[in-house]
Structures are given as structure tokens and as C-alpha cells.
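Handing you a structure now.
Chain naming follows the written order as A, B and C, and within any one chain the residues start at number 1.
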Amino acid sequence: MLTTTLIAGLVLGGTYALVAMGLTIQYGIARTMNLAYGETIIAAAFAAYLVHNSLGISPILGLVLIAPAGFAFGWLVYRLLLRPLVRRSKGGAALEIDSILATFGLLFVIQGVMQVGFGGNYISYSYMNFGVDVLGASVAANRLLALVLALAIGGGLYLLLTHTRWGTALRAVAVAPASAPLVGIDADRAARFGFALGGALAACGGVVISMYQTFTASSGVIFTMKALIVVIMGGVGNLAGALSAGLILGLVETFVATYVSPGLTLAAVYLIFLAILLWRPSGLFGKARR
Amino acid sequence: MRTALGFAAAAIVFAVLAFAPFYLDAYGIGLMIGMTGYVTLASAWGLFSGRTGYVSLATVAFFGMGAYTVAVLNETLPYPVILLVAGAIGLLVAVVVGFSTLRLAGVYFVIFTFGLAELIRQLVTWFETTVTGTLGRYIFLPVGPEHIYWQLLVLCAATLFITWWVGRSRLGLALRVIADDEVVASHIGIDIARTKLALFSVSAVIITLVGAIQAPRWTYVEPAIVFNPTVSFLTLIMALLGGASRLWGPALGAIPLFLLFEWLSANFPDHYSILLGLLFIVIVFVLPRGVAGFAKDLTRRRPGGTPAAPKLDAAPLGTESREARS
Amino acid sequence: MTALLSLSGLTRRFGGLTAVNALGFDIGEGEVVGLLGPNGSGKTTALNMISGALKPSGGEIRLRGEPIGGLSAHRIARKGVARTFQLVRILPSLTVAENVLAGLAFRGEPLWGEAARDEADLLLRKVGLEGRAGEAAEQLTYIDQKRVELARALAARPSLLLLDEWLAGLNPAELRTGIDLVSHLRDTGITILLVEHVMEAVRALCGRCIVMNAGTKIADGETPAVLRDAEVVRAYLGTAHA
């Protein structure tokens, strides 16, 4: 029982960590809050479902198509929707309101399209749905695969961002957007790229989620919210923070669902969120002071 | 003199509106209820968000709590008492939420309120399924549509009056000082957190009451119906479009948009959400006056001063907000 | 007799940097004290801790014997500590009168309504802004904005007034006006602590001076003596001149 819960928690946490990394990149680098982030995740989940059920392609192979699509989508969203707003605001606070409204609109558009295309029902498909014995507990193979994928993609990205030149440039923009141009970094390009990268991660997250969870056209909001909470827990723009906070959140949720009540998982998440807001607003892993 | 004239004009408008049910059919009254409801919601939203710069996405959380309180209590308590209880619950939640988030940078507030409706919906659902064992309740109250309308009209007038009064009171001056310069505000003795909390609470109680008053329209209520996130977004866009920081702004935004949304949902029920989303985007892009005008009031920066509006800068969020905590 | 303001062991660290280190002094009722020191010596940090803009890392601040260190700024303000800012901070979207009304409306014993408007007029006259009540504060000249800021601080009827380089950036004529204004306040018996670089003003206004360097107090005494002190000269001008 405990092992099963622990593994289920790690799977969920790995997924949260993966999607939160995408959001923390978008938010940290492009500085715009994307409230339609969860919808991108769910759209990718629907895409994986289509690829699996209509074309008979496994979701892992589907990832090869869907992740670049997510990248392209993120790129387009930033280029067409957000960049004009960034330009218009000239760094003022108007951008906050504008980007919230615009991505809100996007949220409704994507949700509406999925509703029209797939209806409002819960969707799932069966992929690698057999048990594997892990430390005496039987765990569905698709969950294990989800965990492995989440950790591989998230870990790979982490290494890329911390060990390559362009990764360093991106992180520089996240830390000091105003001074990045001084050292020859094109902040606008970095923002676009960061947003696209976030889109790709959301797409990966969506595929991973679709392998072991049911979802509907309206599930996106919850994912956006949890991703935002993980981002704040981990400290905005902090990849390692998002990774650890995501795992913590997944474990807490699974344990609450198993040992308390499945109806109270969100309440538990909010309780953690509240505690962090009150005691460590810069995030569990953020620096308390500059 | 101008004030007296304004009051007289407003009184005449409300008096004329009060007679509307005698000339309208059931559909017309329904429309007037919806419109008055949204005018009140948008005005109450503007009362807080338009004057503090905190973008609240919690409208439907309070609205839904009001409606659900009526659903739970409608067979046990007299109607006026139910309204009081609903208002008290709204106040309590507003104080808890406001106390924990309003001392921090605005972005935390946005995120927190973004999920608040969903949280409350899940809590209510959990409570109903595990404790009471029912999901969904019937409302049998002898309150006709015209009574709902009149109550909303009174609440709407009260909301506008409160907004007007706040504009002239010490509270209003405190808000303008805070908007100009929070550092100066605290150094002349203004309790910033408390001022924001007071306004948020007033706004939240009004929104809760709108939900409570409208509840009998539904007859059957379940969490998924009354906690529909669209309400938060509609309220927000209405208030912003009309000018959230002005007395009549939210009302001016709410009336045309409400009619437009009614028309859209009647004629394109399947594509409503897509059209709504596109409309949001179009409003942000094509009509930045309302949105920008709203933002302009909040973004007055002084050289070397702190910006009035909550910032979205990612990295320094925590450090700055920690300073602001008392 | 307890001092009006009493600091002891007051310390503030920013990360590894100690901006103010175990600072201690008393200011008596009615004193006008200059707080001097080179840039970065911790004067403004000390002022910020007294007014509540910064929380001390250690030590005590007492106002009439009552500890106020670490209280939030609005609480301290309501206890009668008013201040001005290094770069003038008026409320730009408010009128001149409203700037002063804001000072009256939120002090310990708030004043509001007709009485407040009369009091605001009185204060504006005191700082030399009679008849300017309806003007937008943003449109005023620098010296007039400083007047507004001073009137707003006086509106709190402060028992302690903190002036942070209030006389900086004025031309010689304005400076004379400014000094006259503050000396007039001094004659009304108000206690003032001023951080100041303008020596002419310090000599004219302060009976006593405290000098800080690198976060610690290096001199405290009657102004002429302190300004002659070799260590003070060294702190300001470097060893070559000492």
C-alpha cells in the first residue's frame, strides 16, 4: 500500500515537475503569465489520444510529433498574441493585465475548440496497461513509463539549460531581463524561444498525462493552477526548484487522496500554497534575499 | 450642486428601472435580472480591483458561495436571515483570503484567486458527497422573478452609492495615496494591508449577495452550476472595458457586453466559449482604451518611486513582498 | 528624564554587509540634531529604521521610552514620527491641498472634513504655499514640492521630524529660504533629526551633530567642535587632509 502510494505520488509529482518546468521557463524568461498553459497540456493529451486511437501510433512515437508541435504553438502564441502586448506596454504594469486577459481569451478558445471536437466527456485510452512488480507492489507499466519520461525530459532539459551556452543565455534573461541586451543577448528572441520551449514541455506533459489519466476538455485550468503553485513553491524561474516542488506536490496529493479523501487533494494543495505564501513568498528554494 | 443633480438623476433612473417588471414579459424580466446582476458584479469588482490594481479572479467563488448558501439553508431559515448568513460567509472568506494574499505582490493574489473558485467547488462537493451524502439541492423559495429583480436593483444602487462614498471618504484618499506611492502612504500612517482588506471585503460581500439573491432563479443548484468560472471572466472584462476605476464605468461596460453575451449564447451555443475567448483577445488588442485606461491609473510611476501597481517581475517578487509584510 | 528618541546597539545587515553597526545615541525633547557622514556611512539606513521603512537586525529604538524598533511604518508614523525623503516624494496625482490632507487624515488623531481643510490651509501658509492649494502637486517646482512634503510631514503634528537631505539640490537662494523654514520650525520647539550634507545648513540649524562612518558613530557633540574633529575631517576628506 505504502509503496504503491509512493510510486503513484512520484509519477504524479514527476508530471507536475515536468509541466511546471515549462511554465517557470515561460514565466521566468518571457515575463508573461500564461493562463492558457493547462489548455496546451490538455490539447497535447487529446493529440496523443488521436495518434494512438486513430493512427495506432504509440504515444512515445507520438511525442516526436507532438512536442515540436507544442514548440511551434508556443512560438506562435508569443509571436502573435503576446509580443504586440509586450511592445505596447513598454515594460509597464499594463502588460500584466493585458497578458492575463489575452491568455484568458486563449484559454477559452482552445477549450471551446476541444469541446466542439471531443465533447465534454472524460477521455482515456489504454496503453501499456499491465502491472509491473516494483518492490513488491504492482504498478501499471504506463505509470512507470510516465515517470521515466518525465524525469528524462525534465532532467535532460535541466542539463541543457545549465550546461550549454544558449541555456546560460536564457537563464540570464530570466535573472536580469534589463541587462541581458548589454551582454549581447536578444531578450525578445530569448522570450520567444523560452515561450516555445515552455510550449514543448507542456506538450510533453500532456502526452505523459494522457498515458495514465483520464481528462476532459475542461481539465486545463486545474493544471495551470497546480503548475503555477509549483512554480511559486520552487521560486520563479528556478528549474531545480520546480522539479523538487513538483515532486513534493505530487506526493502530498497522492497521500492525501489515499489516506484522507480524494475530494480533498486540492484543499491540501491550497493549504501548502497558503503556507508558502505566508512564510516563504520567494519560494521554498528561492533565495530569501538578493 | 453637481452632486445633488447626480443623485437626482440616479434616483430617477433607478425609479424608472423599478417599474420595468410591470411592462416586461418573463423573458424581459429575466434579461433585466441578468443585466442588473452583472452591473452589480462589475461595479463591485471595480470597487476593489479598479482602485487597488489587484486583479481578482475570485468573483465566481463568492458569487457561488452566496448561491450555494441559499441552496443549503432555504428550507431551514427565513429568507432575510439566509441573506445575512451568506453575506457573513462571504466576509469571512474574503478576510481569510485577503489577509493571506493582499500583503504580497499582486501576482500571488491573481494566482490565488484564479484557483479559489475551483477549490471551494471541490470542498463543497467533498462536503456534500461525504458528509451530507447529496450532491445537488433544490431551492423552493416564494421569491418571484420581479422580487429578485428589485432586490438586485437595491443592491446595485447600494453598490454605486458605496463606490461614490468611498471616493469621498478617508478610505478613498488612502487608496489614492497608496496608488501614488506606497512608501509615502505607510509613512503618513496608512495601514496599507488593512485598507486593501477592507475594500476587498466590501466588494466580496456584495458579490456574495448577488449570488444569493439570484439563487432562487435556478430551482436546482449543484456546485458545477454555481461555480462556473465564466462569471469571473465576464465580470472582469465588463469592468475593465467600461473603466474599472470610475463610478459608472463598470456599469457602462456591463450593459452592452451582457447583451452581446446573451445574444452569442442564444445563437451560437456550441461555439460560445470560442467566441467569448476571441472577444477577449479582440478587446485587449483593438480596444485598449478601457483596459489601458484602467492600467494607466495604476501605473503612475515616479522617478525612484515604487510603482503603484503590483509588478509581475519574476525574480524580485519574493524579496520585495517580504519587505511589505508587517 | 527619558530622551525623546533613544537608540542603542542599533544594527542592520544586508546579507554580508553591515550598514549600521551598534549605533547608539539619545535625542532630547526640542533638540535639533544633524546626522552627518560620507555616502554609504549608514545615515539613511538608520533613518529608515527609525521611521519603520526597514526592520533592524538588532538593537533597540525607543520613542519616549517605548520600544518602536521593528514596528511597521504606519504604526510608527501614528506615534508621531514624520519624515521626508531623500529625493522629494510628493503624491503626484493629488493636489497640493490633498497632499497635506493625506498627512492629516491618517495621523494618530486623524483630522478630516472642514477642520482638516482649514488646518491644511494653515500649514500651507506656514511653508509659504498660501493660495496654491488647488494646484497639481506634480506641476510644482522642486523647492515647492519640498515645501509640500514638509507641510505633509508637519500635518502629522510630529513629536519627531526626520529630514532626509531635505536641503539637498537647492540653489543658494532656495537654500536660504529652506534654512529659514527649518529654523522657524526649530523655534516652535519641534524635535528634528536631519541627515544633511550641506554644511552651511548644519552650522545654521543644528546645535549638536552626530557623525557616522562605515556604519558606526565616530563623533557626537556640539556642532562647531564636531566639525573641527580630526577624525571627522578624515572620514569626509581622506587621510591626506587630516
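Things worth noting here:
FYI, a contact is a pair of C-beta atoms (placed from the backbone, for glycine too) under 8 Å apart; a residue touches a chain by one contact, two chains touch by 3 or more.
From a predicted model like this one, the values you see are computed outputs, not experimental measurements.
Distances from each chain's CA mean to the overall CA mean are smallest for chain B. For the criterion of most C-beta pairs in contact, the winning chain pair is A-B. Each chain gets one centre point, the mean of its Cα atoms, and the points for chain B and chain C are 42 Å apart.
Between chain A and chain B, the centres computed from C-alpha atoms are 30 Å apart. Averaged Cα coordinates give chain A a centre that lies 50 Å from the centre of chain C. Not a single residue position of chain C touches two or more of the other chains. The set of chain A residues that touch two or more partner chains comprises 289. Residues of chain C that touch chain B in their complex: 51-53, 72-74, 77-78, 82-83, 85, 87, 89, 91-94, 98, 101-103, 105-108, 110, 112, 152, 155-156. Residues of chain B touching chain C in their complex: 170, 173-174, 176-177, 179-181, 183-192, 300, 302-305, 326. Interface residues of chain B, counted against chain A in their complex, comprise 53, 55, 100-101, 104-108, 110-112, 114-115, 118-119, 122-123, 125-126, 129-130, 229, 233, 236-237, 240, 270-285, 288, 291-292, 294-296, 298-299, 301, 307-319, 321-322, 325. Of all residues in chain A, those touching chain B in their complex are 27-28, 31-33, 35, 81, 84-85, 88, 92-102, 104-113, 115-116, 174-176, 221-222, 224-225, 228-229, 232, 235-237, 261, 263-264, 266-267, 270, 273-274, 277-278, 280-283, 286-290.
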